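Shared between the two complexes below is chain A, which has chain B as its partner in the first and chain C in the second.
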Partner chain A sequence: MNYQFDFRFLEGSFGALLDGLRVTIELAVASNLMGLVLGFALCLLAMSRWTIVRWPAQLFIEFFRCTPALLQIVWFFYCVPMMVDVFIDPILMGVLALGLNLTAFNAEAYRAGVQAVPKEHLDACVALGLKPWQRTMYVVLPQALRTAMPVLMTNGIGSLQQSALVAIVAVADLMYVGKSLATEAYRPLETYTVVALIYFALSLPIAKLVHVIERRQDLAVKR
Partner chain B sequence: MQLDFSAVFPYWLVLLKGLALTIAFTGSCAVIGSLAGFVLSLLRMSPSRWMKAATTLYVEFFRGTPLLIQLFWVFFCFPVVFHLPLPPYVSVVISLTLYMAAITSETFRGTLKSISAEQHDACIALSLSPQAKILYVIFPQALLRAIPPLLSNVVSLFKESALISSVGVADLMFVGQNISNSTAKPVEFLTTVAIIYFLVAFPLTRLVGVVEMRLLRRYAY
Partner chain C sequence: MLSSQTMIAQHDVPPAVVDFSPSTSGEFVQFSDVYKSYGENLVVMDHMNLDMREDDRLVIIGPSGSGKSSLLRVMMGLEGIQGGQIGFQGKPYIFGADAGRAKRIDAKLQKQIGMVFQHYTLFPHLSVLGNLILAPVKVGGLSKAEATERARLYLARLGLESKLHAYPSQLSGGQKQRVAIARALMLEPKLMLFDEVTSALDPEMVIEVQNVMLRLAEQKMAMIIVTHDMHFARDIATRVVFCASGKIVEQGAPADMFKCPKQARTREFLEKVLHLD
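The block that comes next holds the complex of A and B.
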């Protein structure tokens, strides 16, 4: 290999990459907030006693889990404006698509957590005369959140990576900026390497944190 | 707005061809990738620190970056680095395989850990060579226990394979998007493509549960 690496041309585009990075982080954080909140709600719906509530929730989960994220994003960008006939901000649309995708995955993660709540706790809630919403908010949610945390965080990293897909529908995130820089400067090797390293640097600390939490949970179970 | 799903039917053959390509790519990369993933997981548990560090870095890197950028990297950078022109489908197979190897190695690592220490001791007591131990004792068990998570990995690979449309391989996603652009009927065609993906992936995810219940209870534990 006798290729001359030249990272200097990237100095001038530092600001552009930073702007892209900001959009990527915005997308990831917003979709994660959405996924964490709506995921729990969807999980409760999917575990509901009534079939008429359970089935649509289940269908939603399965549909988002069994189709490609790219297709969901493209679908949202092409079809939603056509169907509702209004212009929606591309970033908002990206958050919506990524967030709903994450909601489906998080609902599955929460489900395991909710099922792990001991039945005695629910009985205790009845004995204490707690209302159903109090039981859900103060007894079930904290415990489910704790059990599901590693999976939720892994899903969160996944959502950060899925956010690169919005580049295909021309939202100016990190991936999109990298793509246009690579084409402009005709130096794909350096640009894509740098962009990949930025994504890696974002997700590695979270992945390490997940390992730490998992290890501590394993220890707690053994004790 | 008016939806007209009958417009989809004249294109069923093209969509089917796209699906065939998607499945071909998924299948081949799943097989090669899982084998590579198994080897990778063995290397990751090797006593050599360098080997461990290198394979861990590989796995973390491929799990920690978007597949899209891996695809672009292989597609644009391999020809520059190695001075050989790669047809799109080769670079796609390379990157999907590298990705699959990284995610399945984590799966195998989990199942390798679940094989009890007594079995390793027994292999020593029977004085099996390391190759024989891996080939006849460890691999069959690890593979059997890994089937359910491997199936989930295949489902995610199947979904992620939609990304290969972005480097111009005419898979189901590419075909669907092309038709929806040229007919200006995105809602009908993209929805149809989504349903096709769903119809393939959903039974596979159900299969995971069935395999877990039936197969594993009978043979693995």
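The block that comes next holds the complex of A and C.
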């Protein structure tokens, strides 16, 4: 390969890349907040005693798990506005699409965590007079969050990567900016390499942190 | 006291509606014709009658599957009963499903009962202090400062004041159970239930937990205790109740029960367990 790498053209595009990065981080943070909160709520619904609650929740989870994320995003951008005749800000639409997808995956992660809470703890909550919602908030959630944390964080990184898909519907995120720069300068190799490195640098510390937490949990189990 | 041995054995007859007239409501705890089964075959409380006075410490003994733990779980309100009634402090407390009431348990009375379990039930994400003050603050209406003050008091009494900020994973099994007892006492219950609280412990830790319970006994705490430890039963009980197949076979003062049990079933059981000890 005698391709001459030349990164100099990117010097002037630093600002554009930063803008894209900001949008990407916004998308990732917002969809993760949504996924962490709604994921737990959805998990409770999916584990409900009542079929009428459990069934739609499970359907929601399976829908998002069993269709491509790209399709979900496209569907959100084109079909939702057609159905309800509103199109909110593109970033918000992106957050909704990514966030709902993450909600479904996080609900499954939480479920494993909730199931790992010993049954005796629930008995103890009754004996202590805690109401069902207090039991959920003060005893089940903290324990489930702890158990589910590695998977939740892995899902979170996944959502950061998936956020690149919104470039396809013209949200100016990091991927979108990269794509524009690459076509303008006819330098896809350099541009996409730099963009990839930025995604990598964002995700790697979190992935490493997941390893540390998993190791600590393994040790705690052995103790 | 012996009248409670009279059992109603006819399964087909619907249990009589018990009336809590003043003449019968003097008892602190009163099981009247309590019926509970899991499915058709496993009857854990077979029309059980049981009385307990406020200064009583009942120890329930019996082979496994005899309904000992069910009795405690029902009293705590963890599980319902199909038939009969339970009175607590002279008031109706729990109703059987056959009573056809929407509310089958009096939540106010339920709050006056504390329970300690066989397995460790300290919440691992909270410190000892956090475990102790959770319910008093969220349910009991105490301020955090008041609850913390009370927690210090109880921990000091149990010789655990240095563990206030420790997490459950840093405690030994015996310490965990002592903290669990303190956590139940924080709500100042009128009755304490102990469900085989020492059977998951190493022998040397059993004593420290039993000592805490003996001290509670000195302070006249009403207790119902399920245990396999017959020596401890003899030390702490005012009355020993022998259950088998969901029925109370025999009950009496510990000295009488262990020395000269009247029923063959009781004798057989005691010979077996005392021999093993």
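Here, the second predicted complex is superposed on the first by the 223 of 223 C-alpha atoms of A that agree within 3 Å, B and C clash if a C-alpha of one lies under 4 Å from a C-alpha of the other, contacts with A are read in each partner's own complex, and residues count from 1 in each chain.
Quick note on the criterion: a contact is a pair of C-beta atoms (placed from the backbone, for glycine too) under 8 Å apart; a residue touches a chain by one contact, two chains touch by 3 or more.
A quick note: this is a predicted structure, and the numbers were derived from the prediction, not measured.
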{"item": "Which superposed partner A:D123 touches (first chain B, second chain C, both, neither)", "value": "second"}
{"item": "First (chain B), second (chain C), both or neither touched by A:L92", "value": "neither"}
{"item": "Which superposed partner A:V212 touches (first chain B, second chain C, both, neither)", "value": "neither"}
{"item": "First, second, both or neither for A:P142, with chain B first and chain C second", "value": "second"}
{"item": "Touched partner set for A:Q134, first chain B, second chain C, both or neither", "value": "second"}
{"item": "Contacts of A:I168 with chain B and chain C, given as first, second, both or neither", "value": "first"}
{"item": "Touching partner for A:Y199 - first (chain B), second (chain C), both, neither", "value": "first"}
{"item": "Chain B versus chain C, judged by how many residues of chain A each one touches", "value": "B"}
{"item": "Touching partner for A:A182 - first (chain B), second (chain C), both, neither", "value": "first"}
{"item": "Interfacial residue positions of chain A with respect to chain B in the complex", "value": "1, 3, 62-63, 65-72, 74-75, 78-79, 82-83, 85, 157, 161-165, 167-168, 175, 178-179, 182, 188-189, 192-193, 195-196, 199-200, 203-204, 207"}
{"item": "Residues of chain A touching chain C in the complex", "value": "118, 120-121, 123-124, 126-131, 134, 138-139, 142-143, 146, 220, 223"}
{"item": "Chain A-touching residues of chain C, taken from the complex the two chains share", "value": "73, 76-78, 110-111, 113-115, 117, 119-121, 123-126, 134-135, 138-140, 169, 180, 183-184, 187"}
{"item": "Contact footprint of chain A on chain B as seen in their complex", "value": "1, 60-61, 63-70, 72-73, 76-77, 80-83, 155, 159-163, 165-166, 173, 176-177, 180, 186-187, 190-191, 193-194, 197-198, 201-202, 205"}
